[in-house]
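In the part that follows, the structures are each spelled out as C-alpha cells.
One chain, chain A, appears in both complexes that follow, with chain B as partner in the first and chain C in the second.
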Partner chain A sequence: MNAMRILVCFKVTPDYEALREADWAAGEADCVSGAGVAVGGTGVASGVETRYVPRILDCFDESALEMALRMREAAARDGVAVGLGAVAVGGREVEPHLRTLLALGYERATRVHAEAGLDFVPTVTASIVARYVQETNKTDLLMLGCCSGPDDSGMVPFLVAEELGWPCLTQVTEVTVLSDDRVRVAHMIDDGLLRMTVRLPCVLGVGNAVVARLRVPTLTDRLARRDQHTELLQATDLGIDVPAELGRATCVLTRLQVIDRSRAGVIIGGETPRAKAQALFDSHLKSMIEKL
Partner chain B sequence: MRSLVVLDGTVGTAAQQARALGAFLREGLIGPPAAETLVFYHDERDAGRLVGQAPTCQVRLVKTAAGRPDAIVDVLSTVARDDGNQLFIFAGGYSGTELATRLAHRIGGAAVTDALGIEVGPERLLCRRHVYSNHMVGHFELSARPWCVSINASWDDAPSAVGLEHIVLSDTDETGGTAEADETPFEDLELVEPPPTGDLAQSRLLVVAGAGAGSREGVERIAEAARRMGADFGVSRPVAMSAWAPMDRLVGVSGARTAPELCIVVGVSGAPALYWGIEKAGFIAAIDLDERVPIVKSADAVILDDGVGVIEELAEIIASNRKNVCPDDQSRDG
Partner chain C sequence: MSLSREAIVEGLHHILGTDSVVTDERILRESSIDRFRMFEDIHGVYTQPIPAAVAMARSTEQVAGVLRFANEHGINVVARTGRTATEGGLETAVADSLVLDGSGMNQILSIDAYNMQATCQCGVPLQVLEDRVREQGLTTGHSPQSKPLAHMGGLTATRSIGQLSTLYGGIEDMIVGLEAVFPDGTVTRIKNVPRRAVGPDIRHVIIGNEGTLCYITEVTVKLFPYLPENNIFLGYTVDTMKTGFEVLREVMVNGYRPSVARLYDPADGAYHFAHFVPEGLSVLIFVAEGPAGIAKATAEGIEAIVARHPECRQVESRYISTWFADLNWGPDKIAREREGILQTGNINRTTEVSGDWGRINDIYESALRRILAEIPDITMAGGHSSHSYINGTNMYFNYFYNVVDCGPEEEVTKYHTPINRIICEETLRHGGAIVHHHGLGKARTPWVKDEYGSSYYILEGLKRTFDPNGIMNKGTIIPA
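Our next item is the complex of A and B:
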C-alpha cells in the first residue's frame, strides 16, 4: 500500500507581545540611522532587534503541525497510511521544536540553516522550501501556515506552489485524507467557505483552523524517540546561495515606522466594580447606547 | 508608465473590490493614474453591472472560468508580456494576495501585498504596508517591473465613488484557454457558507473578550453579558486558539474588521493584530486588570479591574437603563 507523504513547513518567530514600546521605537530609529546589519546591499533596513525575545511557533504553522497529526490518526482508522515530515528554515531556535515534533511522531524533522536576513524576503524562503521538496522527493502534500512572521505578506505558500508547479489553496481550515492521493479540503475564500476534493500533489496554506494548538508530548513520548535525530542542512546543500539571492531581491524593506494608536485613555475610578461600571456608563456610554 | 487595475468579477465580492480599488486610486496612489480596468467575469449577465462598478473609465472585459485564479493569472501573464503594462493593482483579501504573488512570479516582476499606499516613480515603486503583526509600518522599494500590488483590506471601508462614464475597449473570451476544467486537480466544489464574521463587520455595539478572561467560563460569562446588553460578541486570537470560543468570532487581522460605534474590550491586551479589527470603532472602552497592557493607551476610557465582574455589572446597568427608557422593549434583555 502507498502512503501519503505530508511535509509541514513551519517557522519560529519572536513573541512580539514581549517587546516593549521602546523596542519598536528603537527599530524605527535604527532604520533611520542605518544602524544594524544591512542585508543585500546598502539602503536595506535590518528590522527590529528581537534576539532577546522568547521564541514561539507561528500560530498558523502550529495549526498545520497539529492538523497533520490528526490527519494521520484519522487516516489510519480508514486504512490509509500517512508519513509525516517537518522542515523549518531558521537558526538554532528551531531545534527544540524539531525535537518536540519527533517525540510527537514526526518521522523526519529538518532544519535548513538560515541566519537572520530572510525576514522580509519571502521569495528566498520560498525557493529554499521548494528546493527542499524537490531534492528530497518525499512529499505529496505540503502544508504550511498561510501568513505571519515579521513580513506577514502571505506570499510564501503561493511562491512555493509556483516554483513546484503545484496547485495551492490557502486559508485552509479543515483537511481530511480520502485516499493516498486525495484530500478533502475546506478553505476560506472571499465569498465564504469552499469545500473541495484535491488530487495531490498540492500546497495547502493553513488559516483559521479549528485545530489551533499543537499537543504536548509526554515524557514517555520523548524517551521512546530519543534516538531519533534532527537533520541539519545548509541552503547551499540545496543549491541556493542565500547572500546572492538576497542581493537579487526585487522588493526590499527600506524603513520602519511606529504606528501611533493612542487615544484619550481616561481611567475611570470607583470603589467597586459596580461603581466603576456605573461611572463609565454615566460619563461615556449612556448617550451612545441610547442612540443605538 | 502604464498601469492596470484588476477586478475579479468571477467571485461575489466584486462590488467591494471595486469600491476599495476606487478609493485606493484616489487616495492611496501617488503617480500616474491607472489607465484602465481589466474586469474578469464568468456569467455574461454580470458583465454590464461589473463594467458599471469599474474604478476607471476605460474597461476591458475578459470572460474566464469561475473561481479559477490560475486562469486569471494565465490571462494576466499574456497581458503583461503583450501590452507592456508595468503596474498591476489588485484588490485586497485572499484573492488579491494570490493574484499579485503568482503573477509577479510568472512574469519575473516584483510583488507586494496589503499595500496601504504606493508611490510610483520611473524606476522604483515605493510601498507602505503593515509588518511585525501590525506593530509597525514597513516601507518597501520594488525594483524589477512589472510591479504587482494588492491593497490592504482597510480600503474596503471606503465609501462608493461618484459614477464614471465607462468605455468598454474590448471583450474577449478566454474560457477555452489553458485552464481547461478537465485539467484541474480540484473536484466536487461546494460553497457551503457565507463569510462567517459578516455580522461582526456590521456591528454597531461590540464586546470583545481577550485572554484576560482567564478561562472558557470567563469568556462565556462575557458573551452572556454582551447578549444581555444587545451587543455582538467577538474574541481575540488567543481565545479562539484556546477553543474558548469558535474561530468565526475572531476579530483582528485574520478575522473580522469591525467599525462599531461603541466597542467594549474585556481582558484584551491590545495587540496590534487585534487592534486592527477595532481601530475604526467610534469609542473604545477597555476593562483590564493590568495597567501596563497597550490597550490602556489605545482606548478612550479604561477601567482597571476584573473584566468579567465589571462587564456583568455593566450589562445589568445597560439592561436596566433600557427597560427604564423603553419599558416595552423586552427583546434584548434575556
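Our next item is the complex of A and C:
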C-alpha cells in the first residue's frame, strides 16, 4: 500500500505579544538591504526590536502541524497510511520545535539553516522550501501557514507552488484524506467556504482554521523518541546561494509606520452602572428606538 | 432549620434590594468554583453544589446585614472580591451557599502621600490603586501576577505576595490597618499606626483568614516612592539549582534586598527563557530598585556575590527587563489559556511551598522526582524560587499535563490532587510549609493539621471563637 507523504513547512517567529510598547519603534530603517533590517546602531527609532522576546510557532503553521497529525489519525481509521515530515528555514531557535514534532510522531524533522535576515524576502524562503521538496522527493502534499505575522508577505505558499509547478489553495481551514493521492479541502474564498477534492501533489496554505493549537507531547513521548534526530541542512546543500539571492531581492524595507487601529468612541460617564446605562440610553439608544 | 433557596434569596432582597442579588443560573454555576476547577469550567461541567445566590454588597453595613442573616440561619458564606483564587477557596462546598461579593465596594478612600499610606475598600482592583498612587510618584510595592484582576480584599484574605516581595514584603508586611465584619455582624476596625506593642498583633487574625473568620471590607496599605528609572535588571545562567539556591542565600544573608530574586530550574526556565538560555541550565534573576544609590549598591553587591561562583554567566539585562514587563496575567492571557486548554487538553498548574535554606533543595528534588515517577501524562514539570528571606525561600512547582482518558470532572482527582499530595508530603517530610502565598483554599486543607502540628489548637480556637456556627467558607482552612 502507498502512503501519502505530507510535509509541513513551519516558521518560528518572535512573540509579538510579549514585546514592550517601547520596542515598537517606527521610523526609517537603519540599514536597508535585501537582508532586511538591522536594528539599532544610530539611536534613532529604526525598527522593531524582537531579539529579546521568546520565539513561538507561527500560529498558522501551528494549525498546519496539528491538522497534519489529525489527518493521519483519521486516515489510519480509513486504512490510508500517512507519513509526516516537517521542515523549517531558520536558526537554532527552531530545534526545540523540531524535537517536539518528533516526539509527536513526525518521522522527519529538518532545519535548513538560515541566520536572521530572510524576513521580508519571501522569494528566498520559497526557493529553499521548493528545492528541499524537489531534492528529497518525499512529498505529495505540502502544507504551510498562509502568513506568519506582522513581518510577513503571505507570498511563500504561492511562490513555492509556482517553483514546484503544483496547484495551490490558500486560506485552507480543513483537510480530509480521501485516498493516498486525493484530499478533500475546505478553503475560504471571498464569498464563503469552498470545498473541493484535490488530486496530489499540491500546496495548501492553511488559514484561520478551527484547529489552532498543536498538541503537547508528554515527557514519556519525548523519552521514547529521544534516539530520533533532527536533520540539519545548509541552503548550499540545496544549491542555493542565500547572499546572492538576497542581493537579487527586489523588495526592500524602507520604513516602518505604526498603524492607528484605535476606534472612535465615547466613554459614558456616571457614578453607578444604572446612571451609565441611563446615559447610554439617553444619548444613543433612545433616538434609535424612536426611529423604529 | 436551614432555609430554602427561595427563602435565602428573599432574605437577601430585604437586606440588599433586588438589584444586588444575583440568581442567574449561569452566574451561579460559575460562582460555585474558582480557578482550581478551571478545567471543569472550560468544559462547562460543574460538580460543586450551586449556590443559592450571589449577594453584591455595596457597604460595610450591607456586609454586616448579610452575615447576620446567614449566621442566624446557618447559611454557608463564601466571601469573594476579584475571583482570582486558585486553590478552591471560592468553591461553594455546601448546598445553597451564599456567595458574598464585595467587588462593588470599589472606592479608594484616601491616598495619604505624607504618611505614605492608602485606604481603600475591599473591591478596589490592585491595578487601579497602583495606577492612582503612581500618579503621585508612589507605589504599593505589591505586584502579584494577578495584579490586573485581583482586588484588595481577596489579596489580603489569602496572604498574597507579589513579584517584588524580597524588597517590599508580602501583603502582611504592607497592611497597616483594616476593617472586617464577623459572622454575628460585629464590625471591627484596626487603626492605622506605624507599630504597636499592645498584645498580639490581631491584624494577623484577619490577614489570610480566607473568608473563614470574617469578611474584610477595608484595608490600609503602606506606600513607597516609585522610582522605576533606577531599576537595574540582572540575569545569569547557572549550572545547578543547588548553586542557584546558594547564590540566593548569600545575597539575602549578606543583607541585600533586591525587589526580585528568582531562580528557575532548567524545565521551568526553558518555558520562559529558551530564546537566550542554553538547554539544561538554571536561571538567576535579580532586580535592584529604590533610590539610585541603593539600587546601584544592591546590584554591585549581587554582582560581587555571583562573581564568586564561576559557573554563573551573565546574560544581557534587556532580556530580563523585557521578560519582566510581560509577566502579569490580564483577561487576554486568561482567554488564550482557556482556548489552548480546550483544544489541546494540556493544562498548567502550580503549587507553591517554602522551606529554609537547609531544606529547600531537598524539597525541590524529592517532590519533583516523585511527580515524574508517579504522575502520568506530564508534559513539563519544574519550578522556581521567587520569594526569598533571610532564612529561606519558596519553591513554586510549575507543571503541565495532558488530561487524557477521563472526563473533565476527574481532572482534579486524577492529576492535580495527587500532585498536590506529593508536594505537601515531601514538604512536610522535610520541614517546610505546604503553602507559600496562594492560601490553603480547599485544595490543601487536607494537610492543614500536619502543617500546624500542635499549633492547630490556636487555629481551631480562632474558628470556634469567631465563627461558632461554622458558616464561613466551610471546608477552607478548617476541614469540613
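Criterion: the second predicted complex is superposed on the first by the 234 of 292 C-alpha atoms of A that agree within 3 Å, B and C clash if a C-alpha of one lies under 4 Å from a C-alpha of the other, contacts with A are read in each partner's own complex, and residues count from 1 in each chain.
Going forward, contacts are C-beta pairs under 8 Å (C-beta built on N, C-alpha and C of every residue); 3 or more make two chains touch, one makes a residue touch a chain.
Keep in mind it's a predicted model, so treat the numbers as computed, not measured.
When both complexes are overlaid on chain A, the residue A:M155 reaches chain B alone and has no touch with chain C.
In the overlay built on the shared chain, the residue A:V172 is in contact with neither chain B nor chain C. Of the two partner chains placed by superposition, A:L69 touches none, neither chain B nor chain C.
Applying the stated contact rule after C-alpha superposition, one finds that A:V53 touches chain C and leaves chain B untouched. Judged by the touch definition given at the top, the superposed model places A:A212 against both chain B and chain C.
Contacts of A:A86 after superposition: neither chain B nor chain C is touched. In the superposition on chain A, A:L193 makes contact with chain B only, not with chain C.
Between chain B and chain C, B touches the greater number of residues of chain A.
In the superposed model, A:P96 makes contact with chain C only, not with chain B.
Residues 17, 19, 212-213, 274 of chain A touch chain B in one complex and chain C in the other. Listing the residues of chain B that touch chain A in their complex gives 11-13, 67, 70, 93-95, 97-98, 101-102, 105-106, 109-114, 126, 128-144, 184-196, 204-205, 229-230, 237, 240-243, 246-247, 250, 253-255, 261-262, 269, 271-272, 275, 279, 282-285, 294, 296-306, 309-311, 313-314, 317-318, 321-322, 325.
Across the interface of their complex, chain A is touched by residues 19, 270, 272-276, 279, 316, 318-319, 322-323, 325-326, 339-340, 343-346, 372, 376-381, 400-402 of chain C. Within the complex formed with chain B, the residues of chain A that make contact are 16-17, 19, 21, 24, 27-28, 43, 45, 48, 59, 120, 147-148, 150-155, 158-159, 162-163, 167-168, 170-171, 173, 186, 188-200, 202, 207-210, 212-213, 250-259, 261-268, 270, 273-274, 276-278, 280-281, 283-286, 288-292. The residues of chain A lying in touch with chain C in their complex are 17-20, 23, 52-55, 93, 96, 211-220, 274.
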